[in-house]
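Just below sit the structures, each encoded as structure tokens.
Across the two complexes that follow, chain A remains constant while its partner is chain B and subsequently chain C.
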Partner chain A sequence: MSRKETPFFVGYLPLPRGLGGFVALVSVALVALFAAAALLIGGTQDAPQDAAFRFDYGRQTVTGVVELTPYPLLRVTEGNDLIPPGKTLMMTAAGKSGVDMRAMGLEGKLAQVSGVVLERGTIDMIQLRGGRRGIQAAEGEAPAMQTEPLGRWRLAGEICDGKCLYGAMRPGRGLAHKACANLCIIGDVPPVFVTTQPVEGQDFMLITGPDGTRLPKEAYDFVGQFVTLEGDLERRGDVLVLRLDTPTIALVDG
Partner chain B sequence: MSVKYVPVQWNRSKWVYDGIMLAAVVAFLYLFLYVTPELLSHENPINPQVHNARAFGACAFLMLTVILWIGPLARIDRRFLPLLYNRRHFGVMTTFVAITHAGYILNWYFAFSSSDKYAALLFANTSYGQLAGFPFEAFGIFALVCLVILAVTSHDFWLKFLTPPVWKALHALIYFAYVAVVAHVALGIMQDQQNHTFTVIFIGGALSVAGLHAWAAWHEDRNGDRLGTEEGGWVDICDARKIEEGRAHIKVLPNGERVAVFRHEGKLSAISNACAHQNGPLGEGRIIDCLVTCPWHGFQYDVRTGRSPAPFTEMVPTYTLRLSGNRVQVQVEANPPGTPVDPVEVPA
Partner chain C sequence: MTTAEAILTAVTWWGVIGGIVAVVFLGYGIDRIDEDADGAFVFRPLLVPGIVVIWPLVLWRWYCLASGRDHWAHRHRPRRHRHRIFAYAMPIAIVAVIVAGLAVRQSWPDHIAPERLSPPAEDSQ
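And then the complex of A and B:
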């Protein structure tokens, strides 16, 4: 369009004749573009993991033996319909905090815990109530618990924070969620390793550092990514625990 | 061209402009926030905070993309100039949408820990040495800071205070912000997608911005202003009779400045092509009511003096001109802004 025929627009004067149709067309196109983009982008988001807090089950109170891996586990001895004896629960506090401090003095002892469970196919984690109402020593002698060593494994998968994976946040894994996952792990929420292939019938395991330490800082750079790693695996009730051999962790290309 | 500063000098065009832009944004947010959850019907839905953050983030990206379309489109086809007229309001709107996006993220992913959320933003992920898993939030923060600077300095007060060249240079930050946004999205959400609809829209949007700029540059190269030839301090412009009444002919001078030679009531006058407001191309404007009117925001100047009519005080440099046969020529050195110059009669 040459300059000669172009109607001349001045903002504070009425729209010149001949330009009105064009401007109207562009305006409609603009609104249509925004509407279409919203439906296309918003309507094609991936489904998040099938996991959630189960507030609808109500508060659960069970008793069991506390084990520190160092992330505390509860080996349930006295349960209920939902959480039968023999079950193992990972434990976390509200927000991005673990319950390490509260569980510390209870290692190997019987304790009663109370809180809301998180479910991802199975129930493996409980968020405890605050203070002693969440976890306290229980009467009675703690029975001996078995830990079954499963040898050294080389596995592929992703390190996540257990709580978000279990539905505290949806989506709760992957790279866009990495900073959040790191923050949880820094706060002692139990980290988990989600494997690409099932291992001993499970697709996840609690992951710790070597020799009863927490997940080492070096592993933080790998959180949320597809990695391979090696470590010693053990079974504690129905939860697997992997003791990471830190130098073996590596990114998988592609 | 205000003598006193008011937040916005509203006029009908601005109301209509903002209304249309707002309609587009509201349509986007409404459909994304309230309609797409129904479409998705996931067993366990995406958390509202994340859904909202995505809505505002995607909206801000689209708004930025459109903002960057407007410049080259107006250069390619002048009918798009009305979109340029009030672009800053759209920019300020974008800043608010982007801040909302950041707020949702900050109060979700970075909240609930024992640390301060702003501190957490800085220390939670420090994998700066790698591409995958890079703290892509940093790019978002950078872009947001740019947008806030641009929004805050968008008012004409700052334009005048900083002078148009400095202001223009500062507002080129928008390009850095856009590149940062592209990196923010590419290293963030795009790493986790299974469905690639968004990826296609995102890459298409970013490429369209780059493509339009390249097209506009090529267009300008072909149709743009030409360099005038100089002889003895005078630059040849064109055949004086070729300039239409009320219009100008633009030439680039050897020193890189542009001059616009206007014909008004059969006489020729020359002023700088750069508008005192934001360097808009005065020579592409028209003479309305005896005054040269800038095509960008309508500032006006008397073509014989380079001065805005009272009570306004803007001035542009004028040029002394002469005829050599039928050719009009201007003196290379500009006169100080606002210097009256006697117009030259167009030969019959």
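And then the complex of A and C:
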């Protein structure tokens, strides 16, 4: 009785005859399968926008008036080539933390800030250096700063954390970034609302709770998802600030 | 309580319970179910992270070994008869998860235009 030899693979022995074609076929099929999967899945993702830490600009030091929205803004009065006077900067600290405590005693006063810029289009944020080197009171009288009310708006878009959106992460928005964004916002990094269409010439705006409060916890579940909401809008320098009317926030269907 | 807080609270309690189980098991239980561990202590801290993660399994195995319900021959029997099931189930599950994720993904609502509901107030600060 003849007995057909069945090739049997043993890891530490040479590949048996008869299995070479099978292994080659499976190898090519696997590479092709994963390449196709990578292309298909990658094709469904939005391209991250041109946003990044601008370490190439070097450390920036400017002076301005600190405003608490409650998230701190710097209305620049003495700038430099990169950050001209009249610009408004959101401020953050290293990691997933804001600078609220450091800016609190400087509200309405002149302060000198120093750090590295994050840039996304025309929108800037500055990550301050540690301690007093990052933010300290400056000499001089703080000029009065105007806040321009823009009325009540209904908007569609996405709540993000400003730091990741402005280039600390790529992509710094979307559902996959939700947990990171929430941790940043819990750490007092300024939250930002990205609108579907420009509002008063801006696609981004700082978003706060109503009446000068922080973004309410009820909004955390909606971060990173597409929502509609209503709120009062105001302009502070070249930054818009949206005061969220919390009960109006809702997920967009589809 | 937000979803994030609920997840964080659940993970925290899982870790707390796991830490308690680790202390009790490594300080008391392991000597009674593994004679090789008797008098050996340096390796025990290395087991803490694993016990914190899978403490229900640790408790179950501790119960089985301490009560005599364990059948070592069964425990060491290879589960090869289940490999085929998982070989088919895993790629199907991966594809299903990806497809489901894409299916429920929201579309950027660029059809919703900003709408001013009321004009700005006259006064400014």
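The criterion applied here is as follows: the second predicted complex is superposed on the first by the 207 of 254 C-alpha atoms of A that agree within 3 Å, B and C clash if a C-alpha of one lies under 4 Å from a C-alpha of the other, contacts with A are read in each partner's own complex, and residues count from 1 in each chain.
As a convention for this text, contacts are C-beta pairs under 8 Å (C-beta built on N, C-alpha and C of every residue); 3 or more make two chains touch, one makes a residue touch a chain.
Quantities reported herein were computed from a predicted structural model and do not represent experimental measurements.
Within the superposed three-chain model, A:Gly42 lies in touch with chain B and out of touch with chain C [touch as defined at top]. Of the two partner chains placed by the overlay, only chain C lies in contact with A:Thr228; chain B stays clear of it.
Of the two partner chains placed around the shared chain by superposition, chain B is the only one that A:Gly187 touches, whereas chain C remains out of contact. By the document's definition of touching, of the two partners only chain B reaches A:Leu13; chain C does not.
By the touch criterion defined above, A:Leu175 reaches both chain B and chain C.
With both complexes superposed, B is the one of chain B and chain C in contact with more chain A residues.
Look at A:Ala156: by the touch rule set out above, it reaches chain C but stays clear of chain B. Look at A:Leu30: by the touch rule set out above, it reaches chain B but stays clear of chain C.
Contact with neither chain B nor chain C is seen for A:Met101 once the two complexes are overlaid on the shared chain. Looking at the shared chain after the overlay, A:Glu148 reaches chain C, while chain B stays out of its contact range. Taken together, the two structures place residues 41, 44, 46, 175, 179, 182, 220-221, 225, 251 of chain A in contact with chain B in one case and with chain C in the other.
Chain A contributes residues 1, 3-4, 6-15, 19, 22-23, 26-27, 30-31, 33-35, 37-52, 94-97, 167, 169-171, 174-180, 182-184, 186-187, 220-225, 251 to its touches with chain B in the complex. Within the complex, the chain B residues that touch chain A are 11-14, 20-21, 23-25, 27-33, 35-36, 39-40, 42-47, 50-51, 54-55, 58-59, 62, 66, 77-83, 85-86, 108-110, 112-115, 120-121, 124-127, 129-130, 132-133, 135-137, 187-189, 191-195, 197-198, 201, 244, 247, 284-286, 288, 293, 295, 297-298. Contact residues on chain C toward chain A in their complex (touch as defined above): 2-5, 98, 102, 105-121, 123-125. By the touch criterion stated above, chain A contacts chain C in their complex at residues 41, 44, 46, 146-157, 175, 179, 182, 195-199, 217-218, 220-221, 225-226, 228, 230, 251-252, 254.
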